[in-house]
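Paired with chain B in one complex and with chain C in the other, chain A is shared by the two complexes that follow.
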Partner chain A sequence: MSALSKLANVDSRVFYWILFIALMVPFLSPIGFPITIAENTRDLYEGITDDEVEEGDVWIMNFGYGVSAWPECHPSVTVCTKALFREGAKIIFMGPHYDVELTYNKIHDTVRDDFVDKVYGEDYVFLGYITGGESAIAQLASNIRSVYPVDHFGTPLDELSMMQGVNTHEDIAGVLSSDTGDYGVHFMTQWQAAYGSKLAEIGIAMNGSTDLPRWQAGNYFGLSIGSRGGAELEILIGELGEATTAMDSISVSHLLLIFAVILGNIGMVVQRRSS
Partner chain B sequence: MSQILRREAVYAFTGIITILMILEYFFWPTPQIWADTIRTWAIIVFNISLGLGAIRLLMQQSMNVQKRRENWQYSAMLLSLFVVMLLTGFAGYFATGLQTSNGIYDWLFINIYTPLGATLYPITGFYIFSAAYRAFRARNVDAALMLIAGCFVMLKNAPVGEAIWIGFATIGNWFQFTGQIPGMRTFSIVGAFGLMAYGFRALLGKERGFYAGGE
Partner chain C sequence: MAYPTAALDVIGLWIGWVLMLMIYSYPLYKENPAFRTAEHMFIGVTLAITIITNFSNVMKMCVTPLMQGNILMIVPLVLGLMIFSMLIPEYQWVSRYPIGLLVGTAFGLGIRGTIKPNLQDAIIDTITAPTSGGAMAWLNFLYVAVGLICSIMYFMLTFEHKGMLKAPTRIGRLFIMVGLGAYFGNTVLFRFTMLTGRAQFFLQVLKLIPM
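For the complex of A and B:
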């Protein structure tokens, strides 16, 4: 067997080590490849800034992702939270993922400076974990208090000044759903399609293929896909962060993958010819 | 009587609720109180199912430990951690009135669960790398085409692609927006029709998988 034909059957562990070492490089010494902004990401950013948001508007930020998806979803959520706060919007944080409290604590950390002059109950609230799947999302549209009589900390919604008069989809200016699964679709069917609510999706890269047609069709006014979307949003707001750093690793890993696939195919061709 | 309760009553109940909810969704511009009540019940049932799921999980894992089935050690670990989280959760609740605000519970979550969760997903990247190397072989024309399209889309998604040659982005976008999105739309529309067909079959009692026993 020639050396080239061995390329078809390289041990997985070899690739694991190569990938591990290669991924270290951009973290130790960032490369900084230029990143162009996708139209769907630009639409998302423009939909939550300038004339699209009025001071005092109430937005929902849905945390439908867990710790494992933080690298993909959280950078975009961070930028969107900053943008909304800076436009004077009020935010309802909530989520159908059991990690919602961890994610809420994380957003306090990553948007620390913007939370400084915000007051809980006046500028933002945390309603906590929601169960009930699509039924719960539908019910939120018609009566928030029937799903969340109290916030995460046990305070009745009526005692929170921001929630005075906020109880249905009509009182919500827009929804940003960040999730790894179906919750963006639940908001689409029960809010956007039913009442024309303004909705955008912050999803993982794997769901990009299914989310893009919904953005093209106008169901989502904007869409951020994975950490690449997060990096694009960081550029748009002018504050580079975790996602931009991760882009170099993505570049290295994608290049390596293509290189490995080419090697594997060369090995396969040589093997076929020799046999 | 039991047969009626078990089958006909379930069919009738499902059918009536389905029709009511369809009517409310399509024919009323604002949510109706009776539909609110039904949705609230759905949420309650959903929550009960979570509890049932937990009980079922505990029963199954306890059986694994009792009968020393294969990998019973993992079941034992699950049961122990379940008890730990349950007790720390209750301790926090009785001490502070909040479910998750006690030191031990927080410590377990922040120092064990969070790093494990954050590690789990990136590790799959290594497996995907290895799997792609083995699976992406141009064994025939179809596989070669898929391989080429996949490489262009990857180079379009990674910033390095554009840095090498701007054409990678153009070609990758063409594959994604002209090649893939129409396919996904077709898939979604066909899936929706399939779901409607399933719904009608369920209403007519021809789709029995979700009824007890599926007879």
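For the complex of A and C:
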């Protein structure tokens, strides 16, 4: 039996073990692969900093991802929240996942220092869970109070000073939607396309190939793709965080997979020739 | 984020760690009672949270305003209840009305918002020649143009793919394969990122790396 035949018969669990262990090594001993900034990420960062944001602007931060996608989406959301707060913007947090409260608690933790001097109801609000898909997002553009009569904690929106006079897309300076699903697209079709609202997407790597043409076409003013986008944003804001830490591990996993694919293809070609 | 100090938080962290190992015991070892226990717990807890969240949402959005005198809120409540009629075979037809309303609304909204970004903007961006970026931008522009035209030609099924159509449709098929391959690759890499997150959590709970 040749070496390749032996490899072809190796239990797949061996690969899983190698992968799981290989992922941990860069956390214990960082490699420091270089990270370059993509144009789409730079556009996102520049769109939420300096002259692009005025003090008192109200932005929507949509948590369109659940706990399982925290490694992909949360680093970018963390940086964007920091950047907006530092420009004096006010933020409405919301999300279509049933575990949205956990993500809201997480952002409190990862942006802890910037929340210190912010007051709930004045500088930020948490509207909580939203259901209803595209219809709800469309309705949100014309009447926020019809979708959210109260915030997540049961306080009527009129009793929150930040929400005074904020009820339609015209009162919102921009939307940042971070998604594993379709909510970014709903904001694109029902806010950006319908009213020209400023919109950026913080997507997962899986949706990168579908999100990029939308950024190129100008539907998104900026785009962050997966953990890599998060790491790039961390570099741009000058505060390295969990995405930068995780990038080495992610790169190792990609290299391992590429190696496995090449090996598999060589094996297949050799087997074909011998048969 | 710092390592929790409160007893309940530490217990919660370790429960999460153990449950994660129970789930991973399936790919790393084989199907076993520990995996099934964690799997059933996960499904049960997820369902419970989903039901509670949605129930609370209906109460907040509909029932409370209705009790406060907003009589119009009876409409979504009744429509919602009508959907449950699909559980009774002889009254299943009742559920078609709210579903029809939902589908109609979704189509209407979809058409309103889809044409500009997904067709108009995409086509304009594709046929607009690059004004900056040099040779690489032009190469990319031509690559997209050839890929787009050939891929569309591949789906032109009115004529048999031979003669003049043979070469572009074959190129189109290659472009589609490359596109699907890239999409699948992105999907796999997204899962790997999630796995990376778990590997990080594994080490953080053991205090081998900072939380």
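Criterion: the second predicted complex is superposed on the first by the 273 of 275 C-alpha atoms of A that agree within 3 Å, B and C clash if a C-alpha of one lies under 4 Å from a C-alpha of the other, contacts with A are read in each partner's own complex, and residues count from 1 in each chain.
Quick note on the criterion: a residue touches a chain if its C-beta (ideal position, glycine included) is under 8 Å from a C-beta of that chain, and two chains touch if they have at least 3 such contacts.
Quantities reported herein were computed from a predicted structural model and do not represent experimental measurements.
Novice: Who does A:Trp70 touch here: chain B (first), chain C (second), both, or neither?
Specialist: Both partners, chain B and chain C.
Novice: I'd like to know which partner A:Ala194 touches here: chain B for first, chain C for second, both or neither.
Specialist: The answer is both, since A:Ala194 touches chain B and chain C.
Novice: Which partner chains sit in contact with A:Asn265 here, chain B, chain C, both or neither? Use first/second/both/neither.
Specialist: A:Asn265 contacts chain B only, not chain C.
Novice: Touch check for A:Ser135: first (chain B), second (chain C), both, or neither?
Specialist: both
Novice: With the two structures laid over each other on chain A, which partner does A:Thr168 touch: chain B (first), chain C (second), both, or neither?
Specialist: The first partner, chain B, only.
Novice: Touching A:Ala3 in the superposition: chain B (first), chain C (second), both, neither?
Specialist: In the superposed model, A:Ala3 contacts neither chain B nor chain C.
Novice: One more residue to check, A:Phe153. First (chain B), second (chain C), both or neither?
Specialist: A:Phe153: touches chain B, not chain C.
Novice: I'd like to know which partner A:Asp109 touches here: chain B for first, chain C for second, both or neither.
Specialist: After superposition on chain A, A:Asp109 lies in contact with chain C alone.
Novice: Let me test your reading of the model: by the given contact rule, A:Tyr16 touches which partner, first (chain B), second (chain C), both or neither?
Specialist: In the superposition, A:Tyr16 contacts both chain B and chain C.
Novice: From the superposed pair, tell me which chain A residues show up as contacts to chain B and also as contacts to chain C.
Specialist: 16, 19-20, 68-71, 99, 131, 133, 135, 138, 147, 154, 194, 205, 209, 213, 216, 250, 253-254, 257.
Novice: Quick check: in the complex, which residue numbers of chain A touch chain C?
Specialist: That would be residues 13, 16-17, 19-20, 23-24, 27-28, 68-72, 98-99, 109-110, 129, 131, 133-135, 138, 147, 149-150, 154, 188-190, 192-194, 204-209, 213-214, 216-219, 226-227, 242, 245-246, 249-250, 253-254, 257 of chain A.
Novice: Provide the residue numbers of chain C that touch chain A in the complex, in ascending order.
Specialist: For this pair, the touching residues of chain C are 1, 24, 27-29, 49-50, 53-54, 57, 60-61, 64-65, 105-106, 109-110, 112-114, 116-118, 121-122, 124-125, 179, 182-183, 186-190, 192-197, 199-200, 202-203, 208-209.
Novice: Quick one: in the complex, what on chain B touches chain A?
Specialist: Where chain B meets chain A, its residues are 25, 30-31, 35-36, 39-40, 42-43, 46-47, 50, 97-98, 100, 109-110, 113-114, 117-118, 120-122, 125-126, 129-130, 132-134, 136-139, 147, 151, 154-155, 157-163, 169, 176-177, 180-181, 184-185, 188.
Novice: Please give the residue numbers of chain A that touch chain B in the complex, ascending.
Specialist: Checking each residue of chain A against chain B gives 10, 12, 15-16, 19-20, 33-36, 66-71, 99, 101-102, 131-133, 135-136, 138-139, 141-143, 146-147, 153-154, 168, 194, 205, 209-210, 212-213, 216, 228, 247-248, 250-258, 260-261, 263-265, 268.
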